[in-house]
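Here it is, the structure, as structure tokens.
Think of it as A, B, C and D in the order they're written, each chain with its own count starting at 1.
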């Protein structure tokens, strides 16, 4: 059994890692950390994780943790993750970092958007961006995987074939995303309280959300040139799920069926990407609790615009499920191990 | 007291008219129609409308209804409204039509999008599009007002100053809207049932929604040239509210504060439009149950794009509240009569 | 215009007072306090309260507040209210206290359940329990009204006729209540965050909730003897509303229609209590945002049990609406002034 | 691989059977029926069931179905199930009936509450009530299992130890249950539409719900005498989950800890029943999507009452998960096979 440590296990990314790994046949969670909840049982915070009723949160003491695990999942806040990732990586462990600290390959862009220095630039060069649909071969050989952000995962999967095949003008891209509330984390804030969120609906951080440069980095890499995008996130009163509606001006004279066939071909072998038939559009309800990404699209010939819609569960394909998928690829396990659950509907 | 009849009173537009008019000091509802619910009490369908516990649904018998009311609110389905509107209008009554039948001034466009002929083209010419922020003077003199659709109301109010002042390239406009479920009406459909809708989130009718030509008609009129737009509606599991996020390429070198000051100036005297300060964005929660429209905006200088977000309650400012506002303007009443409620929060 | 001060205006009871009073024709809010939010505008916390965009929170400085208002609504936390209430009362003002501090006439019971001493026992003797359906005559003459708790309001209105008429064995009473989340207040707590609450459902504080002695006090007063009850509150993921399902063993041989006619008779003149016809049961949805209490009931002849269900909006009839109703009674205003809104549905 | 047929697969019980069985290592679904949806793919109705994208609904033709499967799960409406169950049972198949048709051992009681005759009284005698916690030995030997109703499952598990050990007066029992909306089934009804249900909360069918005699049958069997109970179901706007709050007058002088230790002992070996520690109460959120039943309890010494609260997912432990558990017991499989999922939180 592969031994797993989870650093930062008191948030939703951590609890989802525990839930998903509980069904994985080849691993065992041997340690989970939390500064605030050190000494508490996992089930004190998450009464549903009954299989972990003997697992106790411990403080993140790197030297003590090192011998306990073969793979480290890091679910720490941004900036806090840098040093711990570097430590376990340099000690030869495999590391999957769910924070943003190793996602942006250019440390200057990281520093500009996250307002904090990057102190481990050499280690940063070793990190592979953990989207198997784009980088499976690199992930297989990697020891450090930067797990993508939730919005970028949905946006990039929606845009990848269109940009790769030169279907749309990369300068025209608009990403309008709608997220469930778990994306904001597990926090004590009035703004996140039920009565402030429920029956509400709003845009936030328009044009300045930190996932913007991450989407731009990957879109630029696909396009082979620097691209800037518009990204507008919205909050929707549901627990889980992200819909990303992306728009781009068509460069080719194609209809919906043509573009669909390109998308279906490119994603044909992907175990977790489903391209829907014409006139079908995804619903976060149909991916909730699962690692699937659903994609539907439409060419609007009146306006010469491609509209692609993707749906993911932000905590699974957008975070912890993707992290386990990355681990499976890194370890040579069956890629779907631990991730076979269908969505929970209704 | 002005006597009011509501034709088509068993849906949410009808029940909201009853709710709102119950607080209006100058009117009295004398008749309400429903074919299916004829003979039932209003409170059988809507137990909260306790002030109407003696009002009984009757079938829509035009001759019988005519002498009962001075103003007719028509909340019938599209196509079904045409003839009844024409009848009451020709008999000299004031008519406010909440259906789409008299919104599109070009009957060919109506027939193309609604797949049904328009049989009252002369009456159609008399109809005024009922958005007081744009057409107050015309509404004052009108006897037939076509009450705008819910999505168009939010989208047009968001776009009006930007297009009027030539701030954005009208050919680049994208309207990405998110609506609560009451917009779909009061119907027995599995797709609208709680368990299919709750915790879901999806786009629908991408590029083909019937509110598209309505937005285009009004945007074109403001711009002074034919404009086509992208319009993507989404369904969000809340009862009420629409957020419209609209995008346009900036034609002028301005920042957010500049554009905000233009918006504030243009809407300065509007009783129901609120422009939010910089870095504030609207939330449907803060307009729920009220006739207000909140607008926030941002100039993204990285991408040279204006992003405007509007929030309305689709059943109030997006339907029945706006209809009462139109009545107030037509009758010379105080424009806010019956519409003084603040939003219900939480 | 009667001048109103609201002490403790940054919670939901406070914001609801402001919302309701904005429609009241005879009053004007001249001051609102909050320690944490002093200096902020009311609309900074509650963007929907647009009519109060010039009202600024101030600290609760009793001497400074005294000359500003004729009536003081106190929406402070329990214990914190005692002294301020006493001060304004002794200075001759009319006071309506929404905290629990003056509800329990026996200070020993207060001290037992609230774990804090009561330091104003003489003033406590002057307080009238503010349920107009039971104590209208006393409220008319009172200068200090203790506004009932949300659960007690629903439970007492459900039980009053049954106990008054000796229909049920007072020793057998069970009150099983289900509340929306706003009842927990406006707080930054993980346990109140959207993702912890949404799609959840639970009982809490079984047998030890502080509203227990308040219900017992009033039920005992009606019955003319000491009564203890079972009270179990539950949390339901909705913003507003309380359903109280109360059970009592029948002492008389009656059927549902018999009991309904007793309830209808006793509440015949009450402007805000609605007894539903047989086989109809209340829904919080139909009272949301309104000051109504709906009551439905059933005699289960198989088990010889009376089951009564009441529905209120916990923030209106269960708090701020009731407080305004009490003010109306105290001041000799029309009892429904400011409270004419029908429920907001859907 | 054991071959499974699901009769009545277009509702939520059917879709949940498919979801759960997709993870079961020893079975294969070979047929699924639906009259209305015959010819459609399972994924047309349930886009999340991607592993069944080749499974097509067929009409329920008993002769054609017979050779296709070893075990038949019957998820037909009440009354419709009688004949089909009888047919497959007599042909030697193992049958698990999720309808109510074989739950009530006394056909007269069935006929009284379900207003329809029972035409297969001999087969009825062979049916075992499928609650493994009470009848595991009988289920092991059974060929026909009547899968319990959702409310009875939660109520009986909450009451079983208390009645078995004589802790409470069986005549005093009140069961106050709160259910998510999926319990009402997958139907096109205005009353089940999102806008009618959301933000609502109500009691329904007070004293006359058909699960009443089912709870009474099992409670009576445990008590060894005829017992009648009060049962009040409520609807809560969540997708899944039932909280049952049960009340009984204590016959013994015990405190909470004493009763908890009895409950823990009786359920010690049950894989799916979790007794919570003192002062902890269950939340449907922590069992959602899982087969667990959580139980918490309190002895109220002031009123001499035991209050027990149970939480289940009505579609899993209250329907399809329990059905799979019953199949596992009948077939000698590991009892938790296919049921190892932890709850999906948040």
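Operating definition for what follows: contacts are C-beta pairs under 8 Å (C-beta built on N, C-alpha and C of every residue); 3 or more make two chains touch, one makes a residue touch a chain.
Every value quoted in this text rests on a predicted model; they were computed, and no experiment measured them.
S.K.: Taking each chain's centre as the mean of its CA atoms, which one is farthest from the centre of chain A?
M.R.: Of all chains, C has its centre farthest from that of chain A.
S.K.: State the pair with the higher C-beta contact count; candidates are A-C and C-D.
M.R.: Between C-D and A-C, contacts are more numerous in C-D.
S.K.: Using CA atom averages as chain centres, what separation in Å is found between chain C and chain D?
M.R.: 38
S.K.: Please work out the Cα centroid separation of chain B and chain C, and write it as a whole number of Å.
M.R.: One centre to the other, that is 36 Å.
S.K.: Just the number, please: Cα centre separation of chain A and chain C in whole Å.
M.R.: 46
S.K.: Name the residues of chain B that each touch 2 or more other chains.
M.R.: Counting only residues that touch two or more other chains, chain B contributes 12, 182, 195-196, 198-199, 237-240, 283, 285, 288, 346.
S.K.: Sort out for me which residues of chain B touch chain D in the complex.
M.R.: 12, 181-182, 186-190, 192-199, 237-239
S.K.: Which chain D residues qualify as touching chain C in the complex?
M.R.: Counting only chain D, the residues touching chain C are 174, 176, 178, 180, 195-196, 198-204, 206-207, 228-230, 232, 234, 236-241, 243, 245, 247, 281-285, 288, 296, 298, 300, 302-303, 305, 307, 309, 311, 346.
S.K.: Touching residues of chain C toward chain B in the complex: what are they?
M.R.: 12, 15, 19, 22-23, 46-51, 182, 199, 239-240, 274, 276, 280, 283, 285-290, 292, 294, 340-346
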